[in-house]
Amino acid sequence: MPADRPRHASARKLAPGPGRLRQAVHHFPGRYTRPGTAPGDLTAPPGAGAFKPVLFLMDFDAQALVEKTDCSLEEARQYFDSPNATWLHVQGMPDAGLVQAIGKAFDLHLLAMEDVMHTGQRAKIEAYEEQLFAIVSTPDIAAGEIAVAQLSLFLGDNWIISFFSGESDPFKAVRERARVDSSRIRKSGVDFLFYSLIDTAVDSIFPLMEDLGERIEGLELTVFDDPSREALDEIHQLKRELVLLRRLLWPQRDMLNSLIRDDHRQITSGTRLYLRDCYDHCVHALDLVESYREMASSLLEVYLSSLSNRMNDIMKVLTIIATVFIPLSFITGVYGMNFDRTASPWNMPELGMRYGYPLLMFFMLAVVVLMLVFFRRKRWI
Amino acid sequence: MPADRPRHASARKLAPGPGRLRQAVHHFPGRYTRPGTAPGDLTAPPGAGAFKPVLFLMDFDAQALVEKTDCSLEEARQYFDSPNATWLHVQGMPDAGLVQAIGKAFDLHLLAMEDVMHTGQRAKIEAYEEQLFAIVSTPDIAAGEIAVAQLSLFLGDNWIISFFSGESDPFKAVRERARVDSSRIRKSGVDFLFYSLIDTAVDSIFPLMEDLGERIEGLELTVFDDPSREALDEIHQLKRELVLLRRLLWPQRDMLNSLIRDDHRQITSGTRLYLRDCYDHCVHALDLVESYREMASSLLEVYLSSLSNRMNDIMKVLTIIATVFIPLSFITGVYGMNFDRTASPWNMPELGMRYGYPLLMFFMLAVVVLMLVFFRRKRWI
Amino acid sequence: MPADRPRHASARKLAPGPGRLRQAVHHFPGRYTRPGTAPGDLTAPPGAGAFKPVLFLMDFDAQALVEKTDCSLEEARQYFDSPNATWLHVQGMPDAGLVQAIGKAFDLHLLAMEDVMHTGQRAKIEAYEEQLFAIVSTPDIAAGEIAVAQLSLFLGDNWIISFFSGESDPFKAVRERARVDSSRIRKSGVDFLFYSLIDTAVDSIFPLMEDLGERIEGLELTVFDDPSREALDEIHQLKRELVLLRRLLWPQRDMLNSLIRDDHRQITSGTRLYLRDCYDHCVHALDLVESYREMASSLLEVYLSSLSNRMNDIMKVLTIIATVFIPLSFITGVYGMNFDRTASPWNMPELGMRYGYPLLMFFMLAVVVLMLVFFRRKRWI
Amino acid sequence: MPADRPRHASARKLAPGPGRLRQAVHHFPGRYTRPGTAPGDLTAPPGAGAFKPVLFLMDFDAQALVEKTDCSLEEARQYFDSPNATWLHVQGMPDAGLVQAIGKAFDLHLLAMEDVMHTGQRAKIEAYEEQLFAIVSTPDIAAGEIAVAQLSLFLGDNWIISFFSGESDPFKAVRERARVDSSRIRKSGVDFLFYSLIDTAVDSIFPLMEDLGERIEGLELTVFDDPSREALDEIHQLKRELVLLRRLLWPQRDMLNSLIRDDHRQITSGTRLYLRDCYDHCVHALDLVESYREMASSLLEVYLSSLSNRMNDIMKVLTIIATVFIPLSFITGVYGMNFDRTASPWNMPELGMRYGYPLLMFFMLAVVVLMLVFFRRKRWI
Amino acid sequence: MPADRPRHASARKLAPGPGRLRQAVHHFPGRYTRPGTAPGDLTAPPGAGAFKPVLFLMDFDAQALVEKTDCSLEEARQYFDSPNATWLHVQGMPDAGLVQAIGKAFDLHLLAMEDVMHTGQRAKIEAYEEQLFAIVSTPDIAAGEIAVAQLSLFLGDNWIISFFSGESDPFKAVRERARVDSSRIRKSGVDFLFYSLIDTAVDSIFPLMEDLGERIEGLELTVFDDPSREALDEIHQLKRELVLLRRLLWPQRDMLNSLIRDDHRQITSGTRLYLRDCYDHCVHALDLVESYREMASSLLEVYLSSLSNRMNDIMKVLTIIATVFIPLSFITGVYGMNFDRTASPWNMPELGMRYGYPLLMFFMLAVVVLMLVFFRRKRWI
C-alpha cells in the first residue's frame, strides 16, 4: 500500500453532489491491528492526532450548570465524583497518549479504548460491568466534504464520556439544549443525554438521504434521454455510496435494537421509549437505502436499455441509407461499365436509347419508393 | 434543496394510469427533524396547514348518537368524559398550534404528536401507558392524483382520536355505517371502530393494485411487438411505484402482526379476529406487490430481448443488402476501369466480346442466387 | 376498469401447453371489497353464480352411507344432528343468497363466509370457537383450460362443509373412496375426510408441474438453436405462471405447517401424520417451482446469449464481405478515373501498360488472400 | 406426455463430464400419485421392477456374523427375532408385491412404504412409534451414467431395513467393514450401522462435486478466449445440475439437522457425535454448491462480456475499413464522372493537369494517414 | 482427475495482486474420504507430509516459562501432567503417523484427528467430553503466494494442542508475547491463549481485505475508460476470490458465535469478552466481503455498459461516414454512367453544361452540410 494514502476515517468521502464525481473513495475502512498483536493495542494509527482534540465538560443538575471548554483531564476528573451528572466530550481524533490517560483516569475497559482509537468500527453496544459502551458511525460534514466519523460513548451511573472523531461538531445543538435550565436533558438523568447524543448521530444521516434522493431524481430525468458516460459514472458512484451507507446503518439498527430489548441498568424505561423513536428513525433510513438501491439498479437497467435504444436508432439510419443507396450505386456502376458498344449490338444498348437516362432515373426513384414502403411496413421509419 | 419544492406527503405522487408518466415523484418522503433538535419538536414542516383541517366528532352508544362536523376543540373535550364511545377525527394537515392543543387537551405523548405532525412515518403501533398509538400509511386519491397520506390513531379506553393527512376522506363510509343504529360499530366498543378505520386504510391499497395489474397486462401486450421508449419509461415508473408500495406495506404488515400478537388491554379478542382478517388483506397485497415486481423485472428482460431481436432483424437486412450488392458493385467497378484496350490485347478483352455484357449480367444474377441460397441455409431469410 | 372483464377466479388462466400462449391472464386476482365496507360483506362479486352450484351430501359411519346429489339446504340440515359423520359439498360458484343461507343454517362465522364468497384468497387456516376453517387454492382443469379455484372447508365436530369454486370436480375420487364400506375414510372420523380433501387439492398441482417441466425441457432444446420470438414469449409466459404458482403454494405451505404444529381439537394425532405427508408434498412442489424459476431465468440468459451469438455471426459475415470488397472497389474506382492520359505522361500510365489489367487482377487476388489469412488468424472464419 | 418416457429416478441424469452434454435430463422428478388416490397407494409406477431387486441379510453381534445374499423374505424374517443386530438390504427397484410383503412382514407404516415405492422423494426423517424412517437421495453411478437414487431406511430397536433404488451398490464398502470382527460397526449397535449407511450416501456427492469443480475450472480457461456455443451449452448444463444438486442437498441438511437435534430413542449420544460429522459434510457440500452456482453465474457474465468484446473487435475492423475506404472511393468516383471537358473549361480541369493523378494519389494517402492518426487517438487500433 | 495435481490446501491460491491473474485456483477444496470408508480414517491425503512438521512446546505460569523448539512427542508428553499451562504447537502438514501418535498420546477424539488430517474443513467448534476442539481457516501467506491453511485447536483444562497446516507461521507474534513475564497470556489461563490463537487467525484476513479493496479501487479507475479484456479477467478473478473468502468467513462467524453463546467449561467469562471482540472483527470482515461483492457486481455492469458505450461510439462514426459518403458516391456514380450523349439530347445533358461540374460539387457540399445538421439535431456529433 502506498504510504502517502491517509488512513483515517475522513478518507472515506461521500460525494455530496453531482459535481463531485469519482473522487477518492476507499473501500477498505482503514484501521486494523496487525494480526497477532495483543488486544487493547493503542499505538496510534496513521492520521491520528492530525488535528488537536478539544475536551468539553458539562456538570449539571436541573438547576445548576458548570461548563468548561478545552479543559484539562485533571480538571475534568474532579467533577466526576460529584453527585451531579457529568458529561465529558472529546471532539476530534485524540492521540494514543490522551486516550490512554482517559482510559486510566476513568477506569474504562481496554478493548473499548482500542475501539475508540481505531475508528471505522461497526456500531455496537457493549455492556461492561460498570459502564455501557456504545459506538455509532455517522456522516461527518466538514469543509464541504462528507466523511464517516465515529461517536464512541461511555455511560456510567451519573456520567458520560463521549468521543467524536469527526471535524464538524454536530453536538453543538445538544449542548445548547443542555444550557437551558429545566430542559428535559437537565431534568432527566444522564441516560437521556446518552439518548440525545445517539439520536443526533443517527439523524445526521437524513440530510444525506435527501441529497441522494434528489440525485436519483435528477438521474431519472437524464438517463432516459441522454445515456451519457457521466450518468453511468454517477450511477456507479451512487451505488457505492449506498453500499457504504447500508454497511453503516445495519449494525446501527442492530445496536439500537439490542439497546431497547436488553435490560441495561443505566437506562430508565422512560428513556427507552425515546430510544425506540430513535430506532424507528434508523429503520426508516434503512428502508430508504434499500429503496434507493433498487432505484439505482433500475436506473442502470434503464441506462443500458437507453443505450440499446440509441444503438438501434443509429443502426436504423445506417441501414436505411445503405439499403437505399447500395442498390442504386450498383445500377449506376452497371452503366458506368465500358463495354464496347461499337463491337457488338449486345453490349449495353440501353446507353444509346433515346430515353435511356430519364427512364433509368425514374426506375431508380421507383426503387427508392419501394424501399421506403418496405421500411414503413417494418415500422423502421 | 430548492425552497419551492413542496415538502408534504402529497408530493409523493403515484401515477394512476399510463397517461400520466414521469411526473414528479420524490424518492425522499420529505419531513424530518434537523439532527440535534429535541424530541417532540412540533415546528410546522413546510406544507403543513396548506388546507384547513376539519374536526368531526361522534359520541355514541348502541342507541344514541351525537354527531358534530367542524366542531371546536372545546366542544369536543366535553364529550370525552361521557361513558359513551367518542370519536374525534381531524381531517387534513393540522398546523402546529392545533396539534399541540389537541395533545395537551387529551394528554397525548409528545413523541406521538411529533409523528402526527411529521407525516411520512412508517406504519407502527406504540403502546403508551394510557393510550395505544397507531400509524398507517395509505394512498390518498384526491383530484385525480394519488399521494401517500398518513392515518394516525389514538385509542383510549372509550375514545378514539384520529388524524388523516390526506385531502380525500376515505372514512366517510365508516361514519355512514356508524350512523345506523345497532350497527356493529355502534354495538361493539371503540376497538371495533379502531379496527374499522385501520381496515379502511389498509383496503384502500386494492384499487391501486388492480390498476397496477392492468398496466402490467397492458405492457405485456405492447412490449413484445413494440419495445418503444415509452414502454421503457412506463416499466421504470411501475418499478418505482412498486418500490414505494413495498416500503409502505412491509411496516404495515409488521404493525398489524404485533397488534394481533401482543396483548393490548384496549383490544378485545373479538376484535382481534377482525384484525387478523385485516392482516390477511395486507399480506395478500404484499404478495401481489412481490409478484408484480417479478413481472416488472421479467418485462424489462423481455423489453431488452425484444430490442435485441429488433437489432438482429435490422442487421440481417443490412447484411443481406450489403452482402449481395457489394460484390456486384465490385464487378461493375472492374468493367468501369479505363484500361486502354487499344494499347494491349491483354487489357480487358471482355469489353469487346460479342456477348460480354449479357454474360456478365447472367454471371451477376448467378452470384445473387448463390448468396440467397447461402442465406437460406443460414436461416437468415 | 372495463365492465366486461370477468372478475371471477377462472379468469386467471394457466396456459396448459405450448400451443396456448399469451392468453388473457390477469395478474390481479380479482375480488375485493371496496375500502370502507363493513366486514362480512356478502354482495355478489361479478361472475358469481355464473353456473348453478350443486350440493352433494354424504352422511356415513363405517357401515352405513346416505348419499344425496343436488339436495336442498333443508334436506341437508337434518343430517347434521345425527351422530354420524356428515359431509356437505357445494360445487361451483354459489350466489350471495345461498352462501348467506348456509352460513345461517350452520352458524358459520361471517368473516369466513365473506372469504368463501370472494374467492382468490390466500390459503389459510382459521380456528373459530366451534369450527376450523381452511382455504386451499388449487388449479382447476375444466374444458381444456386451467384456472385457479378455491376450496373452502369448515370442519366441525362430526361434520364438514366444503365449497369448491371451480368448474371441474376433483373430489369425485374422494366420494368414490367414501362409498366403499370400511374404507379408511368411512372408518376414521371427519378429520380424515378433511385431510383427504386438502390432500386432493394439494396434489392437483402435480400434473401441472409435470407439464411445466416438459415445457422447460422443450424450450431448452429450441432456445440454443433458434432464439425466436415465440421462445421469448413462451419463457415469459412460463415465468408468469411460476410467479402465480409460487404465490399459490407459499401460503399453502404455511397453512399446512400451522395445521400440523398447532393443537386443533378437531384433528387427531393419527390424521396429523397424514397431514405431514401432505405438507411434504406441498414443500416438494415448492422446491420444484423454485427450481423451475431458476431454470426459466437461465433459459432467458441462454436466449439472450444465443441472440448475441447470432448477431455476432451476422456481423462476421458482413465484416468479411465489406472488408474484402471495399478495398477492391476502391482500386477499381481508381482505374475508373478519367484523368487525361493524353495531356500528361504522369496521368495513369498504368492504363496503357501491356500487362496492366492482368497484373491488377493478380494484385487484387493477392489482397483477397491476405485478408482471408488475416481473418483466419483472428479466428473469424 | 409421451407414454414411452421412463418415469423412474434413473431418468434424471447428471452429465459426468464435458463430453456428455445435452442429454435427456428431466426436470420433473417423476413419480407422483394421481390427485385423489388414497394415501399409502402402492401401485407400481412405470419403471419399477425393471431390474430384479436382490435381498442381502446380515445378522451379527461383535463376535458372530451370519450373512446371506439373495435370501428370501421368509429366511430374513427368522433372524429378526434374535437378540442380535439384523440388517436387511434391498438393492434395486422392488415391485409392488415385494414392497407390500416386506411392509406386512415387518409391520412398517403404509405412508413410509408408499415413499419407498415412489422414489424421488425429498430427504426426510419420520419418527413412527416403533421405527425411525429416513430417506436420503444420492447420486447413483452405474454404467458410466449418473442418476439420482433413493436410500430408504427403517431403524428399529435392533434391526435395520434398507432399500436402495440405484443400480450401483455403494454399500459394499460398509458390508466389507461389517465383516471384520470387532470392527466398530460390529461392536456398536444398529444405530451406528444406520449412521454408516447415511454417511456413505451423503459422501457419495463428493466425487461429483470434484468433477463439477474441474468442469468450472475448464470453462474458466475457455470462456475468456473462445466464447463458443458449446461453452454456453456447458454453462447452462452446469447450472441445471447445480439446481438439481441444491434441491437434493437442502432437504438432506434439514433431515440430518433434525436427526441431531431431536431426541430419538433409537440413537445413542455416541452415534449422534458421528451424525454431527455427517451433517458437517452435508453443509460443506452445500457451501460448495452455492459457491459453484455463483461461479457459474459469473461465468455466464464473462461469456456475455467476451461475446460483446468480440463484437467490438469485429465492429472496429469494419469501421476502420469502411471509414478509410468509403471517402477514398468517393474521390475516385468524382474523377470517374464523365463531365464533358471539351464543352466547358469549368468541367473537371483537374483531369487535364500535368500532375493531377500523382497529386490526387498523394492527397488520398494523406487522407488515410489522417484517418489512422484519428483512430489511434480514439485508441481503436 | 490428473494424478499430478497437488491436493493439499496450498493449492487454493489467492491472487495477491493484479499482476498474478488467472493462476491455478481450484474450486474444489481438495480432500475428502472416499464414500463408505470408516469414520476416523487417517490415511494420508496426497500432499501431506510434503514439508516436515515442527513441534513447539511452551510450559508456563505467570513467572516461569519452559520453551522447546522441535521437541519430540515424548518430551512434550511430560509437561502435560504439570499444573502449569502447556501449549504444544505443530507447524506444517504432519503425516498420518504423527497425527495418530499425538491423538493416542493425548487421548484426542478420532473424528477430530480426521479433521486435523484432512485440512480444508469448515470452521467449527466441537465440544467433546474432555476437550474443546476448534477449526479456523485462515489465509496463509508464504513465498509470495497466498493459500488457505487450517488452524486446528484442542483446548483442555490446562493445555492447548494446536496444528497449523500452512507454511508461514503467523503465531510467532503470540509466542513473542508469551515470552514476556507477567504478560496477559502468562497471567491468564490457557483459554486466553486459545483466544489469542483464534484472534491471530481471524485477523490475518485483514491485510487481504485491504489488498482487495485497493484492487477494486484500481479497477474503478480503469473500467470506465478502458474496458479491456484484462479488466474483465481481473473482475472475474476478484469475484471468485470473494466467493472463496465468503465460504471461509461464514462458518468462522457461526463458530465464534456459538463459542460466545454456549457455556463451555474451559472458557472463563473474562475471555468470552475478548472472544466477542474477535467475533466483531469477523463480522466486520464479512461486511466488507459483502460490500466488495456488490462493488464487483457493479463493476461488471459498468464494464458491460462501457463496452456498449464504446460500441455506440464506433457505430456512430461508421454511420456518419457511411451516411455522408454513400449518397455522394451514388451521385458520382450517376455521372460516371456512359449514356451516349450523342445519341439523344435526353441522355445526361448535365455533363455538357458550362457550370455542371462546379454546380454538382456545390450540391454535394450542400448535402454534406444538411447531413451534419441532421446529425447535430440527433446529437450524434
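By letter and in written order, the chains are A, B, C, D and E; residue numbering begins at 1 in each of them.
Here is the rule we go by: a contact is a pair of C-beta atoms (placed from the backbone, for glycine too) under 8 Å apart; a residue touches a chain by one contact, two chains touch by 3 or more.
Quick caveat, the model's predicted, so the values are computed rather than measured.
A.B. asks: In contact with chain C and with chain E at once: which chains are those? Just list them.
C.D. replies: Neighbours common to chain C and chain E are D.
A.B. asks: Count the residue numbers both chain B and chain C use at their shared interface, divide by all numbers used there, and answer same if that is over half, different if under half.
C.D. replies: Different: fewer than half of the residue numbers at the chain B-chain C interface appear in both copies.
A.B. asks: Could you state the distance in Å from the CA-based centre of chain B to that of chain E?
C.D. replies: The separation of the two C-alpha centroids amounts to 41 Å.
A.B. asks: Would you kindly tell me how far, in whole Å, the mean C-alpha position of chain E lies from that of chain A?
C.D. replies: Averaging C-alpha atoms per chain gives centres 25 Å apart.
A.B. asks: Going by the contact rule already set, what residues in chain B reach two or more other chains?
C.D. replies: Each of 304, 308, 311, 315, 318, 322, 326, 329, 333, 336-338, 348 in chain B touches at least two other chains.
A.B. asks: Quick check on the complex: what are the chain E residues that touch chain A?
C.D. replies: Per the touch definition, chain E meets chain A at residues 170-174, 177, 183-184, 196, 199-204, 206-207, 209-210, 212-214, 216-217, 220, 224, 273-274, 276-277, 280-281, 283-284, 287-288, 290-292, 294-295, 298, 301-302, 304-306, 308-309, 311-312, 315-316, 318-319, 322-323, 326-327, 329-330, 333-334, 336-340, 343-344, 346-348, 378-380.
A.B. asks: Residue numbers of chain C touching chain B in their complex, please.
C.D. replies: Residues in contact with chain B: 1, 22, 25-29, 32-39, 109, 111, 121-122, 124, 126, 128, 226, 229, 232-233, 236, 239-240, 243-244, 247, 250-251, 300, 303-304, 307-308, 310-311, 313-315, 317-318, 321-322, 325-326, 328-329, 332-333, 335-338, 341, 348, 351-358, 360.
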